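Each of the next two complexes has chain A plus one more chain, namely chain B in the first and chain C in the second.
Take a look at the complex of A and B:
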């Protein structure tokens, strides 16, 4: 009996509040892009194509965070149309740098940037996709690492469970044979508490990790504090370092708050 | 009979927005480039950040041109602190910027814009009939990314850019390893310019005010005066006296105008028209061979300007690498002080102007960023006003495609400009 040709799976890419960098990672796979396009049907990818196929989709890659009421609805529609939903990057997995608004008054932010803030429609918070819908896999990073993206896509296309390392940047530094920038040069580094994936880039370039892959699975930011202080960082410096691209990821948010408490111990009561 | 044309999403641009053109009969009554990209408030949360953090933070405004944001920020902060990265550090910055131009222009020419001219939905569909050109394009793009990754650590949001220079400078061997891929890309880019020059460019011209940086000797990247073909010639510190940003209800991006005149165009075609005499021999010869010379007022030919700039950037990158010797220190010494500084560099899509005020400790008190797409936004709308009668006479689907193509002439980066597309052409008779 002749076997029926298996239909190619549909891949879709969706964007919420973001810089477009993580979905660009897919177009940056110059050697693999045409091969990937042979293995899947690219059903929706506005940055790259004006063609759109209707859902449902086998794999949806979701970039960006939720910052408008319209997007709260849109992500539910995306979820309903997706068999496997993979969030890509710090915006989608932690709220991104725009989550800095979560700690401040968004109306004040709008007044700083726009002369007519009443034209601006936005929520007070920037939240990760998993706060709104079930997420099947997460890829960390600001931006994601394209090798990790290809690894997840190949696993999903061959019905394997993707395996993404969850250890810290420190482990990657050791694997690369780097000299520790904090121990050897006294450079403050978030490597011990930051999720692996970048290949320990910053220490390889002689600078401290600034946490763009967000918190590792088990972190002990309190234990890192003394080393950062010993390396010359003030509580203000440490608080700012945690308050960047994964500022709203709970371990980094707590670490930031712990530092802020030490800066303003006597202000009590004021929010 | 009333007729409405609607397309839900303008594709092959970076970010989210829509376009509305309303007609009464054949007469356009409204053109609105609507930007839906949710605002992210960068200028607000830069307040209180340390000057050394700024290049890493502003990179996140745009995943396609992070180097441009890093370069404008570094130059503005260095202006405030009274320092200059010269010699090999300056050469390495130009090399990094070459990488970003090649990568970003390569993405736009081959993956986003060429499919319009050849009638495909995307580069992947185009590859079925034109695989050799798509493959060459991807190779060119990859060469640009190879530069950014080698020097910056990674292609997107490089980690090696620092106020005062770099965290680590490359060895000669690390840069020389790039030469074979750059040489191949340069030869391919010349073939691709000849190929693209045979595209069917719609006959469309407008009396643009082109605005770009102009440098005494070089094709502009990070330095120069701000000049135009209508007599503007100013120092970048005088930017705010000559340009204004206006907010409109239909967009989260601000519109820029030249005070007293109105819309203007920045980007590759503006740079090409204003700086043709600053191109290197290889790029100028290639442009002349396909009879693409200034003045060119057909914005569809911005695609050719991007190809010429790819050749220029590859040629310059090769020259920089041949002349490279590692500097003594990866960065010059920097000390904070209370001051205001300005920086303006040529992002792939056009001028990117930054201004920062720092306090005594080097914390940002105030930040202002004017990205190229918000500068071009009004110019895009004006193009569509002029194009509208042609659109009205065209079959519906073709009119829609032509309008989208006209927007893509500017390679609009909506993510950047928010501080940008769905398309609807509405007709009422």
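Take a look at the complex of A and C:
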């Protein structure tokens, strides 16, 4: 059996609108970091080194969302230089928390926040990478799970298709033997409609899932409303919970709108 | 002949089992529920606790009694003990002249189940039928099942989501145990009627401070089971159910349940008979080692029915219908038994409280508009 090909693949990390937390997951790999450095040539990774190797790249990890015209151009260049493009984190896969601007007037925000708003050159929306270029694999989460990152890199290094489950968080919770926080404690939890990958981190520590991995496959947020309300969550609470890191992911956006519709008449009544 | 063990001497049973080298697993209160974990002494049991269950709801409450087994079944089942959630099967290591396969050692465990309920004993028997005696035996499951001592407990209460009486699986354990306990609580007297179900059971009982049971005690234990049977929270009419379900695959109720079902998979995970698994192969960064892992899978995931071209059951309706009709009808064709033991876990632990008894009954009725 032949050993793996001698030439090490080139790995590059690119950042768009984001907090850097996901690419830091790469440095957080600690035990595996040296193994990874052994297996790939790190061609571009600003958080770790200022040295940059020119493309093309075998694997590109892309963090962040597209929020400027410059981003739109740059992601096309990244795509052109990348054999496999993997988006990492809620910003890159759903637009991130900054996608809340998509539902408001971004010019108004700029006026409130900046002394000289005319210096701000930004798009009206924050959009996921996949809205602009072809994405080969995506890793969800805010931040991503480092075990998933390693699993994907290991698979790509072996020319194997990565296995990334897209079912609910509940499956992982039950595999761990956790007691359901919603059924047994009455804690509102988005686990049933949220994409797995974190290993049911929050419920394991007796907290409700707040959906940072975004919608699971065939999400059914409308069905979950009953349970969240039974657990004491108001429509305002539910709307706010869906309006976080994956606010612009279509199923979560719809879920948020469904809740807002139920709040508005009450507000009208009060006024 | 049944014997009687004073409740104060229950610890003698735990110690007798531990003394024989059994890892004693039983009910323990943790994280607001009764789960299955190690029991080192009788005092570890959830004394005085009762569970209050309903569709999508479970709460533990303390009562003014010192009963050891006043609760019903919790989120865990013995499935975790034998058909474990995640296990590695083998590793493959690269070598200069090829590769070597290193299978994981056959699991060895000597376990005593303390407090298995009648429905759970039936569930274990159903999994045995499939995973030991079926067409595709699982040697690792069989190894885990090979050295097991079962202490059954006859339920004193029926939960709001219990329907074992409808499924003919309880509440009284008739067989499949080494010892069966019925807890008898009367003013000033707290004891267990102990029935002996095997030679091993008789040998353990001989080590305990027991005396022969009198007819009143035997009668009292029978009344406990009768009262529990009469107090079932749910019922399911099983007459002709298989045919009724299989004839109604296009019933509008499937559309209705699909508006509520989240396809989260909780029902299948907590079901003590659901046995489906997924295999996952992984490699390490260096490309030197690969391994294969098996884990529980659910027919509610898209991946479950993924074949070339996509998922066969892409709608939630199709997945719920598959689960319910397989559990209550298809199992009869495939395994000669229902897949449901009436434990009610899928009702309690469904986040939105979908009730299998209600759905099955509704589908089994003729369509309103034809």
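The rule is short, and it goes like this: the second predicted complex is superposed on the first by the 259 of 271 C-alpha atoms of A that agree within 3 Å, B and C clash if a C-alpha of one lies under 4 Å from a C-alpha of the other, contacts with A are read in each partner's own complex, and residues count from 1 in each chain.
Everything that follows uses one rule, which is that contacts are C-beta pairs under 8 Å (C-beta built on N, C-alpha and C of every residue); 3 or more make two chains touch, one makes a residue touch a chain.
Computed from a predicted model, the values in this text were never measured in an experiment.
Asker: Just from the overlay, do chain B and chain C fit on chain A, or is there a clash?
Answerer: In the superposition, chain B and chain C stay clear of each other.
Asker: Once both structures sit on chain A, report the angle chain B, chain A, chain C from C-alpha centres, rounded to the nearest 10 degrees.
Answerer: Superposed on A, the angle at chain A reads 110 degrees.
Asker: May I ask you to decide whether A:179 touches chain B, chain C, both, or neither, giving the answer as first, second, both or neither?
Answerer: second
Asker: Of the two partner chains, chain B (first) and chain C (second), which one does A:15 touch, if any: first, second, both, or neither?
Answerer: A:15 sits against chain B, while chain C stays out of touch.
Asker: Tell me which partner A:32 touches in the superposition: chain B (first), chain C (second), both or neither.
Answerer: second
Asker: Looking at A:207, would you say it contacts chain B, chain C, both, or neither? Reply first, second, both or neither.
Answerer: first
Asker: Please indicate which partner A:191 is in contact with in the superposed arrangement: first for chain B, second for chain C, both, or neither.
Answerer: Once the two structures are laid over each other on A, A:191 reaches chain C alone.
Asker: Given the superposition on chain A, which partner contacts more residues in chain A: chain B or chain C?
Answerer: Counting residues of chain A touched by each partner, the higher count goes to B.
Asker: May I ask you to decide whether A:245 touches chain B, chain C, both, or neither, giving the answer as first, second, both or neither?
Answerer: first
Asker: I'd like to know which partner A:81 touches here: chain B for first, chain C for second, both or neither.
Answerer: Touch partners of A:81: none, neither chain B nor chain C.
Asker: Touch test for A:167: chain B only (first), chain C only (second), both, or neither?
Answerer: So A:167 only meets chain C here.
Asker: Rounded to whole Å, what minimum CA distance do you find between chain B and chain C in the overlaid structures?
Answerer: 11
Asker: On chain A, what residues does chain B touch that chain C touches as well?
Answerer: 206
Asker: Mind pulling up the chain A residues that touch chain C in the complex?
Answerer: 1, 3-4, 32, 35-36, 38-39, 150-151, 153-155, 157-158, 160, 163, 165-168, 170-171, 174-180, 182-185, 189, 191-193, 206, 216-218, 220, 222-224, 226-227, 230
Asker: Could you pull out which chain B residues touch chain A in their complex?
Answerer: Touch list, chain B to chain A: 9, 11-16, 37-45, 47, 49-50, 53, 56-57, 60-64, 66, 107, 111-112, 115, 121-125, 127, 131, 134-135, 138-139, 141-142, 145, 153-157, 159-160, 162, 167-168, 247-249, 252, 254, 330, 404, 413, 415, 419.
Asker: Tell me, which parts of chain A touch chain B in their complex?
Answerer: Chain A residues touching chain B: 15-25, 27-28, 30-31, 33-34, 37, 42, 45-52, 67-68, 71, 96-98, 100-101, 104, 106, 108-110, 112-116, 119-120, 122, 142-143, 145-146, 198, 201-202, 204-207, 210, 212, 237, 240, 244-245.
Asker: Quick one: in the complex, what on chain C touches chain A?
Answerer: Residue list for chain C touching chain A: 30-33, 35, 56-60, 75-76, 80, 85-86, 94-95, 97-99, 259-266, 269-270, 280-287, 290, 295-296, 298, 300-303, 314-316, 348-349, 351-353.
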